[in-house]
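First chain written, first letter: the chains are A, B, C and D, and each begins at residue 1.
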């Protein structure tokens, strides 16, 4: 048709090959949204479960190219393997389907997870794509997100009082600044002495946030036939049956964990995440 | 923190100033999704209403910068005014929130529109941003989308038989090709003679698709107090009360219409859409 | 070969269609370069001629797609017609060849223009690509550059004294600030009263900078057969013979002028520059 | 001024951090240019020296961030260290100044290198920026360029006959295709048996192309005080005096070599090239 020339205004947005593609989504105005839906402060366990339930649908949508996801508060990060060629690595195709699937699953699974609390209005999430050229940069990105989670909890829990809008890019000098500069150990010390809270007793879900990992271990590792999601030491077990989308194919086992991902232990245990690429990765 | 350097890997994606920003979303695999949810073929009126219901939430989310939306089949296009500075014109911020709001509202409003037919799995939509530098290019884009809708209906309705997966970028020689090259008048002639269907009796919703327009007429123009969405000649009236988000502010009236947008008539009637920008637009 | 995969890391950088493509080059550290080569202050006529001589080679390299160039001081801007498809509008192909041709021609033509003053070291120019979606934006861009030239001359000539490094993006409060805010008329008044200089006697070359324009007038307009560069009222005539590259094809006449391009007069006289595009331009 | 708004149309083009930035320039239409200037076929030693003389000015312009350059035929590639922050990694600033300096130096040094053969017209070079995320990708890029040089010489020298336009991206089935698929050893065998040429006697300059490397060895390694460019085994020694720009600062020694860069030997000898970055490089 005479109008079809307009297609040529769609420009190519392929991502640089052999780089880690990270898509991060973050709830829009969740300070207000969580108040309007009376979320437990500072952490609402069912709500955090719902975030992970939506994230698992995203991981399934892009199996097996999406190798890891990490979520805390109202955000989730999704990591595509370095060599992925899904949708010819078109940034918009990946980012739009991640944030769309997350939003649609969040609303879809709300009733089954949030019980009596009805969803009053459809939430909005933003999304962005960031490329990380080296394994070191990717691990530092994930450490940044987990450290952000680690810093916040003691803050909101004891020092700042519930409901203090904690902005990830808070520059100004706030109590958060004071806490940010105190060592982790001292923080827990202050929490305990001043507020009688033993931070380590807090559930791992609140302290560590949630990691969804597709580890390409040999099938033998799969302990229970039933569940495609096996529990790790301090991870929660999610029965396969409940997951509308399960992944039994020999393309790996999806685990949901609440553990540290800043140290090397996690990465040694799930070496396929980083090494799952051919020699061109190095 | 020592990890914060990773923020500098987020590159700037501001759109070229003084250009029309169009975000188009399109259902992923809706051939299968519509079959799984037994959509009426080729057009399922409630489903098309649901698409528009979700689109109205997007238009409301970005009021008053989102000046027009056009939808047909499993797609919707959203047009931001040329001079918008919302989110500093960051492409990801606009595209991600459009596709996220659309997806979340689609699932949220499904029960109230689709009645007995339960949503069986959360749908996925893709999204993309396209810039159009001139008014002529923007009108040709919208004509391309409405022409695409116009072409398909007779196709699926009579010639191709229900369920034929109609791909917008279908290159191969199919019946659609034959029809595409016959003039509109002849198409209707074939439909009538060969299949006894009088195309013009089809509801405008199927022939024209749906236009949501924010016209900055003076409030006085608003005929019915009840609805913030006033019907135009062949447009459907949507009672304001039902819209969880209505827009009464003097930033314009949102109308939902099923009319031609290829000719000049629509554009003369809603001149503020194109001219709503200051002189720098020219 | 097993190494050829590296080609896929070259990403597409096509410019948005139907937009004006402007490439601006600017001498690197010309404050020092002009001192080292004892340029007349504030304007060295031969040096400004050399800039134009190099620019004409660039205009010729990209005939007929490069429709206008404007230069002043150590910079030159080159405007590609809105509909150009040269090198599939790849930004790097256009920008790199413009700045390369300019640099190589600048050095090549130096001896014939600068006479006794030998070039002591090879200069460096930077280059950038900027897109302008509308005719109004393009004219405002060119007005910005000519206004920049207009402001500087009185500055360096009388008020600031020679050699004051005049930076195009000078933010700080300098004499230039005081002058910038005084009206053009007052400026000339100050120059005359305080420094006895009648600004209007200055050659147009210094006051207006230089415009190279390819006007697609009918061949009949070409007054002298000999020269492909015809002089306009206050423009300098450049004999065709001297130009190693002349352009006699009926694709237009290249004129070198020193005239105002902020007002409408120039654009009415050379209407083909803006209108040289088909209807899709509007 | 009222026109200054046009500055905001200049969009940000920072390169992804912690990635190798490669700028490759290539002569435009050098098949014709080399014929017009009667270059020796297939390799014109002075002309290849001139390419390297221009490249050394580029390496000097960006010292110490430009860590390596590799050139053959009418092309040169320049590698910026992974962590460079020069010009805030703005792609246009780096690419434009590389191709501008190369072009201006090529013309500037022509007389002193090409002797009697006068430059008849100013040449044009194109330029492009390519990012490589890992050390492996960078080494494969450089191997691709040296392999390209290696393949061509026997081709032009004996098999194809001088002057056969050899295009780097030649797809069609030509004699080059036949040779490309024969092993290196066999190629030399054919050259020797059919054309009586012992390829290994060819100067390294023709077989290997030229590497300019800034190795951050301690100054002590500098054998001759005179020359800042020390010769390696089969490299050519360029007296410092002749280089208008020499680099004596303790930021490393610039060497000009004609050696293999596909194997590990070169990289072990000049380990600072790859490892010159802090731990974030990995």
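As a working rule, contacts are C-beta pairs under 8 Å (C-beta built on N, C-alpha and C of every residue); 3 or more make two chains touch, one makes a residue touch a chain.
Please read all numbers here as calculations on a predicted model, not as lab measurements.
Participant: Any idea what the CA-fit rotation angle from chain A to chain C is, to the nearest 5 degrees?
Facilitator: 180
Participant: Need the most distant chain from chain A, centre defined as the mean of C-alpha atoms.
Facilitator: C
Participant: Can you work out the whole-Å distance between the CA centroids of chain A and chain C?
Facilitator: 52
Participant: Could you work out how far the Cα centre of chain C sits from that of chain D, in whole Å?
Facilitator: So the centroids are 32 Å from each other.
Participant: With chain centres defined as C-alpha means, what is the inter-centre distance between chain A and chain D in Å?
Facilitator: Distance between chain centres: 44 Å.
Participant: Could you list which residues of chain C touch at least two other chains?
Facilitator: Residue numbers touching two or more other chains: 5, 9, 16, 18, 131, 137, 140, 280.
Participant: What residues of chain C sit close enough to touch chain A in their complex?
Facilitator: 5, 8-9, 11-12, 14, 16-18, 280
Participant: Under the touch definition given earlier, write down the residues of chain C that touch chain B in their complex.
Facilitator: Residues 16, 18-19, 131, 133-137, 140, 279-282.
Participant: Within the complex, which stretch of chain A touches chain B?
Facilitator: Contact set of chain A toward chain B: 1-7, 9-10, 25, 28, 57, 61, 92-93, 95-97, 99-109, 119, 121-132, 137, 140-141, 143-144, 147, 180, 244-245.
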